[in-house]
Each structure stands twice: as C-alpha cells, then as structure tokens.
C-alpha cells in the first residue's frame, strides 16, 4: 500500500499548498509532485509480495513492475506538463488557467487509481479503481474548456459511461454465476455457459474501449485530437497501460482456465486493430490524430501478448509494454520527432517478443499480418524521419523544448537502446518472476 | 401458493410493468424535463424492487441519493442549459431504426443467454432470511472490515473518486471572471 | 653441324612445350602494361621478337619430331586449372601431335611475319603499343586454341580469340563503322559459340556419365573433356548408340551439328559469314593474320580435331559438305563484283575455307583423303592469302585508297609488291608450280574419289571464278593506267620491314606445295596414296587458265566490255554486289524483331506492369486508409452503435467458435 | 576475437567519423579510408588464419552434415529464449566477407568527392557495412535477422538524402519492399524456432532437428521468397532498378555488389541447408522463375537509356544466376552460385564505381548523350571494358568461372535423379538460360560501344581529365581481383568447396 | 383458467423474471442512449442502464450470492453514478457555453 499512500499524500499536500500560496511564488511548487513520485518510485522496491487488507490488496512480482511503469509514466508526464500548466506553451488558452495546479492533483489521483487497479483482487475494488483511473481523464481531456476540448471531453464521458455500464452488467453476471466477488474464486468456479460468454463479451467490450481495440476505438481520434498534448500523451501511455492491466486481471484471473477459447477472438481483434490503425494512420494529416491511430495500432500489437500462456506472455506483454510504448508514444506525443528515428531498433525487440508469443500458439498467419503491419507503420515513421532529415527544415513546428525536457527524453532513448541490447533489465524481471 | 406469495407476485408484475412503461416514456418523450420525471419514477419503482428483494437499506439509499440527488442534478443541468423549452426534434430515421435494432438485438441476446444457461436456483433457506433482518449492521461491518471479504480499500478509493469528481466539476464549470480574455480557439499545430 | 643436330634428339623441346604459350602471354602482359605508355618502337620490337622466338621454338619441336621419326600422341604438358566436380575438371595443357604441329607452324610463321610487317605499316599511328599488345594476345590465344588437349580449353581460347579479334577490328575506335564491325563480329561469333557451348555440355554430360566405365580403357584420358577420351572408339561407340532423339536427330549427330555451328561462326561459313567482310575495317596486317591465315581456319581445325566423331555421323558430315560447297560458290560469285581490294580478298578467303570445309565433308563417301587435302590446303592457303593481304596492305599504304578502280600502273612503281602479288595470285588460282595447285588438286581429287560429282563440278567452277577475280584485281591494280598521277607524292616501295615479309611469304607460297604433308597428316594411312587420276589436275589448270584469259580480256583494255556486261546483267550484278542483301536481313532481324518486339516489351512490361503492381499495392493501402477515415463521422451515437454492435458480433464469434 | 572485431571495426570507424567536427571534411574521408583499409588488412589476415586452420576440411566434411566453423565465438544473450551471439567463419562466409571488405574499400575511395553532409554519409555507410558483415558471419538466426535489419535501414537515409532523381520514391520503395521480404523471413524463422522443438535460434542445433516434410514444404518458399526479394527474384526485383539508379555511387556499389548477395547467401545458408525436402520440392519451380529472371534482366538491359538502369538490369540478370545455381541443388550449381556471388559483386561494384566517376565528369548518365570517351579517359574505358567482358563471361575473367559452373550444374541436374523427368526440364531451363550469354554480349557491347567508342559527340567532353589517384586505386583493385580469380580460380574454389559439402550431404538425404 | 395461471410454477417471480426485467430496462437504456439527441437525455438513459445493473447485482445477490456483497456493490454503483453525472454535467455546461446547444449531433467539429 505504501506507494499509493505516498501518492495520495502528495496529491493532498499539493492541493492545500496551492490554495494558500500567491500565484507568482507558486513556481517552486513543481518540486512537490516530483519529490512525491520519486519517493513512491523508491517505496515500490521495499514491498515484497505480501498481502494486506485481507487479500483485497496483494502484490505479486508482475504488479511490482506494472506499478513501476505507471509511476514512471506519471513522472515523465508531470515534468512535461509544467510548461503546459505554467502557461508557456501555446496551448494554455487563457490567463485564468495559469498556475492551476489542480491539473497535477487530478493526475496524481488518477495515478493512485491505476496503482489500486493493479492490486485489486475483487470485483468491487476492481470496478471502483477502474472508475477512479478513467473519470479524472474525462476532466483532463476537457481541461482547456475551448470548443474542441469540451467536445472531446463530452464524447469521452458519454462513451466512457456506456463502457462502464456494460462492464458493470458483465461483472453482475459474473457475480451471479459464481456467487462470490473474489476474482480468483470466480476464476476457479466458472462453468462455461452462454451467460458466461455474454458476460465476457461485455467485459471485453469495456476493455476494448479502454485499450482502443478496433470496434471500440472510435472515440480515440477525437479525444486525442481535442485533449491537450500532455493529456494525449498520458492517455496513450498510462490509460492504455491501465487497459492492459484490466485485461491482465480479467483474462488471467477470471478466465484463467478457459483462456484458450478466447485465442481466436483476441487474434482477430489484434489483427483488425493493427491493420486499421496502421492503414488509416497513413492518410492522417493532423499530427495528433495521426498519433491516435498509431497508438491504436500499437494496442493491436500489445494484445498479441495474450495469446500465450500466463508465464510466457507476461514477459512478452511487459517487454512489449515497456519497449514499444513509453518511448515511442512519449517522444512522438511531445513532438520531439528527433527521437523517432530510433523506434525501429528498440521497438523491434519489443515486437519480436510479442511475435514470438503469437507464433508459440501456432498463429503464424497473425505473425505475418503483424510483420506486414510493422512495415506499414515503418512507412509513416520513415515519412516523419524524412520530414526531419530530408526536407529543408521548416520552422520548428514544436514549441521550444526546454533543457529539462530534452535531457529527460534523451536519457529515455538511451535506456531504450540499452534495454534492447543489455539483457540485465529483462533478466531481472525473469528472476523476480521465478521466485 | 400462499396468499403472501400471491401478493408478492402481483406486486412484482405491477411494478415491473410500470417500470418498463415509465422507462420507455423517459426515453421517447420530446420534453427533457418530462423524461427526467419519468426517470425519477423508474428509480422509485426500482427502490421498491430492492425492498422486495429485502435490501431495505439499499432502497432507502436509492431514494435518498439517486432520486434526491442525481435526478435533481439532472434537472439543474436542464435548467442551466435552457433546453427545457426547446422541443427536442426526432432523431433521423436511420439513427432511430439502427438504435432500435441494436437495443432489441441486445435484449434478445441477453434473453437467449439467460434461458440457455442453467442458473441452479438456491432456494431461499431459513438461514438467509434471518440474515436479511439485520442487513444494515452486516453491510456496515463488511464495508469497513479489512479481512478477507472486506471492502475497506474500495471504500477509500470511492471517497477519492467522489473528491476528484467534485474537484473536476468545479474546475470545469467555474465561471471565468469577465476580466480575462475570452478563450480563443487554439489548435496545436 | 652434328652437335647442332643432336640438340634436337634429346626431346627437350617437347618436354618444355609450355614455352610456346608462356612467351606470347608474358610479352602481351609486358608490352600491354609496361611498354605501351613508354615507347612505340620498343613495344613493336619486343612483340615481334617474342613471336619470332616462339616460331623458332616451334620449328625446334618440328625438327625434333622429324628427326625422331615419331610424334608423341599424348599431351606434352598438363596442369589442372579448374575443378568442377570430383570426376570433372578442366586442365590447361599443350598437346603435340601432327595436326597441332601443322597449325602451330602456320600460326607462328604467319604471325611473326605479320608482326614484322606491322612495324612498318603502323609506324605513324599513336596507339601502336595497344595494337601490338592485342596482336600478341591474339597469337597467344590462337596458339592456346591449337594446342588444346581438351575441348574446354579449346572453348576458353576460342572466346579469347573472339575477343582479341574484336579488339583488333575495333582498333580504329574513332571510326563508327570500325566500332560497328567489331561489335558485329563479336556478337555473331558469340552466337555461334553458344551452339559450341551447348555442344560441349552434351559431350561433357555423356562423357561424365560414361567416364567411370570407359575412362580406364583409354590410356591418355584424364577427364571426360579430353580429346583422347572423346575421340576414343569406346566413347564413340557408347555415344552413337544413345537413343535420345530430338527434332528427329539422334543426340549424337545433334551435338556434332552444334559443334559445327561453333566452327561455322568462327570460320564465317554461310549463315554466319556476314561479319568477315565488315571485319576489313581493322588494320590490314590484322586482316592478314586473323582473317586470312589463323582465326578463320580455327573452325576447320575444330572439325579436323573432332573428325573421328564426325566420321561416325553421316548427317553431320553431309551438312559440313553442303555448307562448305554453298559458301564456296556463294563467296566466289560475290568476290567478282567487289570494288574494295580487301573485300575481294575477304570473299576469296571465304570461298577457300568453303573448299577446306567441303573437303572434310566429302569424307563421308568412304575415302578420307579429303582430311589430308583440306589440311594441306589450309597449310598452303595461309601463306598465299597472307601474302595477298600484305601486298594489298602495302598498296593501300602507298595509295591510301582501297578502291581497286583508283589503283593502276604500279608495275614499275612497286616492283617487289608486284612480283610477290603475282606469285600469290598464280598460287591461289592453282597454276601448277605453285602450292595452290597441289592442295586444290588434292581437294578436287578427294571430291571425285568419294563420288561427289556435283561438289566436284562446283569446285571446278569456283576454281575458275577464283582465278577470274584474282586476276581481275591483279590487272586493275598493276596493269591498268595509273590514276594516281595527281597525288603529291608518288607511290614507291615501302621500307624493308614490309617488303622482307612479302618476299619470305612469296617463297613459302611457292615451295609449300612440295612439303610431304600426306606422310604425317592422315586419317587412315592406307587410303592416302591409293590412286592418282591424272585428268583432275588437268581440268583444274584448264579452268584456271580460262579464268585468267577472261580477266585479261575484261580488265586490261578499256572498260567498255565490262560496262557492257554489267549493263546486260544489271539487276543480277546489283544483287550480287550487295552481298544478296543478307546484311540488311540480319540488321532487320536484330533491330526490328529482337529490339522492338522483345527488348522493348520486356523493358515496358517491367516499368508498367511489375512496377505498376507494386505501386498499385501502395495505392490500395492508401485508398483503404482514405475510405476508412470517413468511418469517423464525429457523431457520438454512431460510435455508441459501433461499440455495442461490435460487442454483439464478438459474442456471435465466441459462441460459434 | 578476430571475427567480432571484424564485424565491429566499421562501427568503430563510424563512431570516430561522427566524433570529428563537421569542418574537417577532409579528415573524415581519411578516417573512413583508413578504417576500411585496416579492415581489408584484417580480412586478409583472417583469411590466412582460416586457410591455416581449414587445411584438413576437404576430406573431413565429405560426409558431415553440419558446417565446420572456425574462429567461433559464442556468448549467450537471451538464453531463456535460446538466443546467443554466435559468430564464426566457414568457406562461404569468408568469401563474402572478403568481397564486402573489398567493395567497401573501393566504395569509400570512389566517393571521395561527396561534399554536403559528408560526416553522416560516411557514418551511415559504415553502419550499413557493419550490418552486412554481421549477417555474413552470424550463425544465430535472431542475430542474423538483427544485422539484416541493421543493413537495410540506413539505406533509406543514404538514398533519400544523397540520391539523385526520384530519390524519395526510390528510397521508400526499396526500404519497404526489402522489409516486406524480411517480414516473410521473420515468419520463416519463427516457424523454424517453434517447428524444431528445440526453441533455439542456433543454426547448428536447428540443423539436427529433422523437420516434417510438409512443414518444410511451406516454410521453404516462405524463407526463399523472403530472401528472393533482396536477391532480385523475378517478380520482386522492381525495387532494384529504381533503387540503384537514384542511389549515390558508393551506396549503389555496396548495394548491388553486396546487399543483393545477402539474398543468395541467406537462401543457401538457411533455406536450403535447413529444409532440404522443401528445397527439392520447390527447386524446379524456382529454377524456372530464375531462368526468366536471367533473360528478363538481360533483355531489359538492351533497351535502357540510362547507364545506371543499364547496370541495374544487368545485375538483376546476374543475380538470377545466383538463385539459378542454388535452385539447381547440386554441387556444381551451388558452388557456382557462391562464385557468381563473389564475381558479380566485384563486377557490379566496378561498374557502379565507374559510372559514378563518369557521371562526376560528364554530369549525364544518358548513354546516347555520351560518345567517344575512350580518347578522353582511357583508364576508365579500359576498366569499364574489362568489367563488361567479365560480365559477359569471357574466359580468363571471373565471370566465366561462375557461369560455366552454374550452367554445368544446371545441366547435370540433381546428383540424385539427373535423368528422370525433372532432369529433362532442368536441361531445358539451362539451355534457355545459356541464351543469356549472347544477349549479355549484345547489351554490354552496345552500351559500352555507344558510350566509349566512336567520335566524341559534344565538344565539352573533349577536355575531361582521366581518373584521379584514388579512383585509379579503387577500380584497379577490383580489376586485379577479377583477373586473379579468372586466371587462378582455385584460390576461391578450394575455400568454397568444403563449405558446400554439408549442404549437399543433407540434400542427398543424409538426414 | 385464472387459477391455473396463478398456480403454474412459472407464475411466482423466479430469478429468470428478475433478469428479464433488468435486461429489458438495460436495453431500453441503450436504445435511449443511441437515439436521444439531447446530451442530458443520453445521461438519463445511462442512469437507466446503471440502475438496471445495480438491480441485477441485487437480484443475483438475493438468489445466488451471500446477500451482502451484491448490496454493497449496488451502493457503490449509486455513488459512482453520482460522480459520473457530476463530471458529465460540468462538461455539458462547458459545452453549452460554446455551442449554445447541447445537441449531440452538432458536435462533429472533429471528424474523419
């Protein structure tokens, strides 16, 4: 529970301090969230996997790394959002918005929601922490309060509510079928009846919504376009991560035994998402809509990880998550295309693991589709590289990058390249996994 | 069939019919205010359902929070957005039929699934019944207990959720003092 | 003197036979890389020196064989060069047997004299170093071809000969016609080599298959490609009875026809002769060496080398005879109408090689005298044809024009050239004392003995035509009234370097008829001396004399008889003059048919269809992307519909699977 | 230790090049030349080492089913997935490594006058070469694929930035088509990884797994076509004419000379070696396809106006020989394929280098605009002619050795059923393919004749100067190699033969 | 005849009746969601869906569960619904400031 508590404390202190300090002197307030997150980051490592709160809140190794991932994302986004909050970026549209540190408090609450989501062990906690990790996003999306942002917010709220209603119905049926709220117990006792399929479909559509899988992805382009850039970055990184965690919990805890019957459905979803995401991304002009579709295709790759067994795939998912995701999305989102040139190398290794999982359960046709899609995705990476290197340099379309931002992303790039080559990161995950 | 069961069944059918009728009206009426009222009706009836399923405390909460709070909030929203007078036009032909088909499709699928899966009935045995009487105490105890089955964590998370929603509501909807520049349309390049 | 003779008895020369190949190659490399940029004179001298040394060495070998009264049959020296497979490898070596000795002697002698001649002829030119290097390369490759112990080595040097002739013909690369001629020569010979290459495949294939069984029985054979093995009776027996039939021909005769196709290309037989007349664009010594004495006879040598196989297949020999005879007649007719002196000589070469070919061809009639006759004619023809070319060269060198009608009255101006040219003309027309008479007589005899009377008659006719066009050239160049008076400097004899080769060749042309070739070169010894028919030579001489008189009548006096004849047969004369328009037909085929109907469609197909296919795939993805874009209608509720209906479809998928 | 530094030396040079500030462009060139020169020396040293070690290989490998590697280095990388850094040298890899180091040395020398952004140009070129070296020496499929991607990606930037003509289109098409090829290969590798049951990417270990026949029948075409894309197999070759003609000199030298050999190398080393049954099943089909490849390339070259397209089509035809030799599936065919890879690599390197130099002077590549250049630049003309004669298979130059091998291999058919129905079909394919020696002669002489011979058409070509020292050195090396291999082929053959043996034994059913 | 209806086993409201009722409500909610033009109307139909979900929970709790968890879950659902409505209202109001209408069909400034 330690990281969650620390995050909440930082959120509350930030809120109170923000009230009392005058507008100009709040500049140094940035220290609080960063310090809090750093503390949370460290605290995660002190926890060994013990259960607290009577099993409501347990922590296994894989969750350890997921929490690290979420905190890392929040940390990066926090840094990135300073220029947004302090009004230097062109995005903040009017005076009143400046120095509104509520942005960060809501962000931290959202983070706490995700951390709770990771360790939820029963339907109720799962549902509530899921809500806590999506509702703040509605607020953040509509943050700029201009026409575009509000429209995006509206669409996100409406569809988000529908998704949560469907999820709710699914959970109720699960509860009905098994009579218990505890995820693991549900997993053990489900008998495969049509109602079970109906409930799983409802849950999958909610997951699909969160992960922007194809039939449920319609909201993504508008919301990504409307929301402020920092929020779009957060959406495509953290919220997708949360979606993955939700899928993780549902697929491995509830479906547990009968997961193999879902393989074809997942493969279908993954193929559709990849192809549509990549194909439409080619023709997009608006940068943020383009990011949306590329993120959608990324989601397509990620769920390939679920085609393997519990052990084989979790590494793959984690690899895929940590490799393809933060780096590409982040560097793209914040508009520093300079770093885009490298994704093929680091992204390649992440994708390689995902492909290997899909191949392990015999979905060779899916690997072929995925490989072709990665070629198409390379097409628009190369287009971006071309914009940068080959065309005569236009006026910088990106708002001036502060040293902090450059330094941060540079280091992220180095990490990503190292991740690819040096096996230490990967081995430790395996080590922690084994025992 | 004891008399008491008969009355129970009668109540069920009457309330069920009313609930569905009100729901349909809430969804179809042109005036938004009227649909809010119909919604209130449906919620009240479902509170009655809760009572029939001996969740008395829940019925109370339902009436208090749901009907009292949320519906009133809906009415405020209608007032704020001055759409109460405006007659809502009918949706386009395609959207209507599509919506209808999806709704009916959903209903048929759920029915098919319900009737094909064997929900072995756990008959109402005595043990359950006496439990029902002091349900409030049990709910309270379970809500805050930190052992195996408790929901203390969920309770805390819920509190944060409500805090965030309030905070968000304020931030999004607070009035911008006339002094500041009006929000100009900006696009990120 | 005695110790000088016993030098030849120890067999040193044969043991070091590789010397024959090494010297030209080393001098080619040395001249080409080192001397060429340094000095023209030095490269000329070194090149000539090296070839003459080789010539002397070859004479040494001949003397050695002559003194020891026997000629070693196997390869004198072998080195493994290229290992294809365990049982199949190509070796480089020197085979010393009567046939290769004859050719070696011819090639080295003529080449040495041409080198000497070129020093004078090419004096003013600025690319002389390059010229001599290529000449040395040519001599090296020709020698390599002649001494090849296996068929693969023949093919290798066959190509090298083709390339060096290409380089030499295209020596004056400034002139577009020279470039076109060299390109044409190479491509036509290359096309013929294709046939030869396929022939080698089939031979190699069947040889390899049977080598494990038959190999040990043949003493000299090292690998399936060796001639010793290919011409061994065991292999011929095996190959003859191969039942595989294609286009109605047995594989055996088909292979031989393919090999003959290669020979045709190099010796410019009828269908593939178009490159020889154009090859005259090169410097005259080159024509003398390559297009008279050595390269063009390579085809005859090949057929001679594979003769045991050819004898075993009557169809192949029949084809050889037909092609030979037809080319002989065809070339002779055209030769009479040409104006350019070198073109006349070129067609005369064609016709003489036709003689040699059909001499080999008639042997299918039973008597193999033709084999000896053809090689004897090859031997003599090399000398007098080289002499004719060099003579023509010195005339052109003096008058700077090729056209026969612009020459005249050189009898007094260039006495040595005139004398040597006369000797050569007499010899080629077959007038008794000179060598031409003896070899042509042998050929006529062999045609008659083998009962090929049609060929015999045509041969006689061609003999007449030969003497007619040769004396036509002789009279026009030397005896008609001089038309060069207007020129600033009057023509006079060139320096000694040019006249000495002429004299030597004249001597050789005269006496070479008496060398006892038959004693050494024969296919079946018994049939050579069998019978002497006296009337054959008489007819030959009569026909030659008739040709001489006709030419004298036409061309010594004024020209009205000639004009009258030309007028009467104007149409036929025109056609013959244009070489029966065969060049134009070839040109049409390559330009119109091959380039327009094969190359262009292939290139177009590649750009449009195959490229288009790829671009189409890109366009399709882009278009689907464009269409899918409009799925996002912006209406929230449509998204809701997608969301729920997507769920329902998913349910269907799950339930059905 | 030697093989790893062989692979990573160019990367080190690239790093050094990146470090030098942009102003000293002269220094950049010297560093890269020195780097590649050192590399060439290292390669020669390694080949001597190899000869010393591989003395006894000839007999040893006569019956063995697995490659005998030398100078092996094996370090575990992701051992849980069965991936390790497994590098070694055998006959075939040594030939290819020598070829690449010669070509890159000549390439760097030939691109002496690259002015704008020279730093990135040389750095990317050296990275590309590292990828290529990596591919030739790696015996772990994952490592192989990693280096393969590393070799393909810089190509986009190199053509995109320094190219001429429709460079973006060509660069994009080239990269995408090569990557689609690599997509096929990736699927093939996964099939091998999981099909073998060993869960390892180690080539030697995979060789011991006997894959079921129908598994082989669908994986073999997948990998062969994947490699075929970069090896210019018939329908998938469309990227090479555009790619080569809009690439700068050094890049097209490297690309046509070496990168297209990756296809042949991969097909032989992985596809045929691991899946012999599949190879036998598909052998005839690919042989037919490559026959079209050979004739199609040569006929196409006749009609080309631009010199680079002319050479690109000729290299399509010659790469057809490589794949033709491989699909002949017998000793001579495969050995011929490897020799052809080497000899064609040198030839095309020479050609593109020379075209670059000619273009540097006349600023035009259209054949009809140029004429009579032999008078002005004799050195370039002679080298061009030697290259041309080598490409049309003149004995005494390396072209003939390769072509004769391939044709004899094709004609002699499978060592197993050389007579049967497939034998006859193979013979007809070979005979059709031999037609190419005539067509090659036609387009080579026609092209060269029109460019170099004849009178000088436009006046300003009259005073062009001949090759500089660096250009003379670069073309000189390539010409010498062509002649040496042509005259004394057993240098190459003794190295290649033992390496082909194992592949042949597996084909002969020695599973 | 009436008696026969009353005594037939299917008359007394078993779990199936309740489930049919709640899914009927849910379907009506979905229909409303997909067809109402007014944003608040959409919210209303959403409330219907959530309420039917809560009812579902209570029904399952009564028939098959341990009679407490379902109720607690329903409680939480009500709270979450409240939170959602708050945020939705805030955004609708913000939207109204710009577009002077909250008709959902007009909000398609960002499309294809």
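First chain written, first letter: the chains are A, B, C, D and E, and each begins at residue 1.
Everything that follows uses one rule, which is that a residue touches a chain if its C-beta (ideal position, glycine included) is under 8 Å from a C-beta of that chain, and two chains touch if they have at least 3 such contacts.
A quick note: this is a predicted structure, and the numbers were derived from the prediction, not measured.
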If a chain touches subunit A and subunit B alike, it appears here: C, E
Chain occupying the middle, per Cα centroid: D
Contact-richer chain pair (by C-beta pairs counted) among B-E and C-D: B-E
Where subunit B and subunit C are represented by their mean Cα positions, the distance between them in whole Å: 103
Centre-of-Cα separation between subunit D and subunit B, whole angstrom: 71
For subunit D paired with subunit E, centre-to-centre distance based on mean C-alpha positions, whole Å: 68
Length of the line joining the C-alpha centres of subunit A and subunit C, rounded to whole Å: 80
Multi-partner residues of subunit D (each touching 2 or more other chains): 176
Sites on subunit E at which at least two other chains make contact: 26, 29-30, 33-35, 39, 42-43, 54, 59, 61, 63-64, 69-70, 72, 76, 80, 83-84, 87, 90-92, 94, 104-105, 107, 109-111
Residue list for subunit B, restricted to those that touch at least two other chains: 95, 98-99, 102, 106, 109-110, 114, 119, 149, 151, 154, 158, 161, 164-165, 168, 171-172
Contacting chain pairs - touch in the sense defined above: A-B, A-C, A-D, A-E, B-C, B-E, C-D, C-E
Residue numbers on subunit A that touch subunit D, as the complex places them: 344, 348, 352-353, 355-356, 359-360, 362, 364, 367-368, 371-372, 374-375, 378-379, 382, 385-386, 389-390, 423, 426-427, 430
Residue ranges of subunit C touching subunit A (in the complex, touch as defined): 621-622, 624-626, 628-629, 631-632, 634, 636, 638-640, 642-651, 653-655, 657
Of all residues in subunit A, those that touch subunit B in their complex: 8, 15, 53-57, 90-91, 93-96, 100, 102, 105-106, 109-110, 112-113, 116, 120, 122, 124-125, 128-129, 131-132, 135-136, 138-139, 142-148, 153, 176-177, 181-182, 193-198, 228-229, 287-288, 397
Parts of subunit C lying in touch with subunit D, wherever the complex brings them together: 81-85, 88, 155-157, 159-160, 163, 166, 170, 173-174, 176, 179-180, 183, 186-187, 190-191, 193-194, 197-198, 201, 204-205, 208, 590, 594-595, 598-600, 602-603, 606, 610-611, 613-614, 618
Subunit E-touching residues of subunit A, taken from the complex the two chains share: 123-124, 127-128, 131, 135, 138-139, 142, 145-148, 150-155, 157-158, 161-162, 164-165, 168-169, 171-173, 175-177, 179-181, 221-222, 225-226, 289
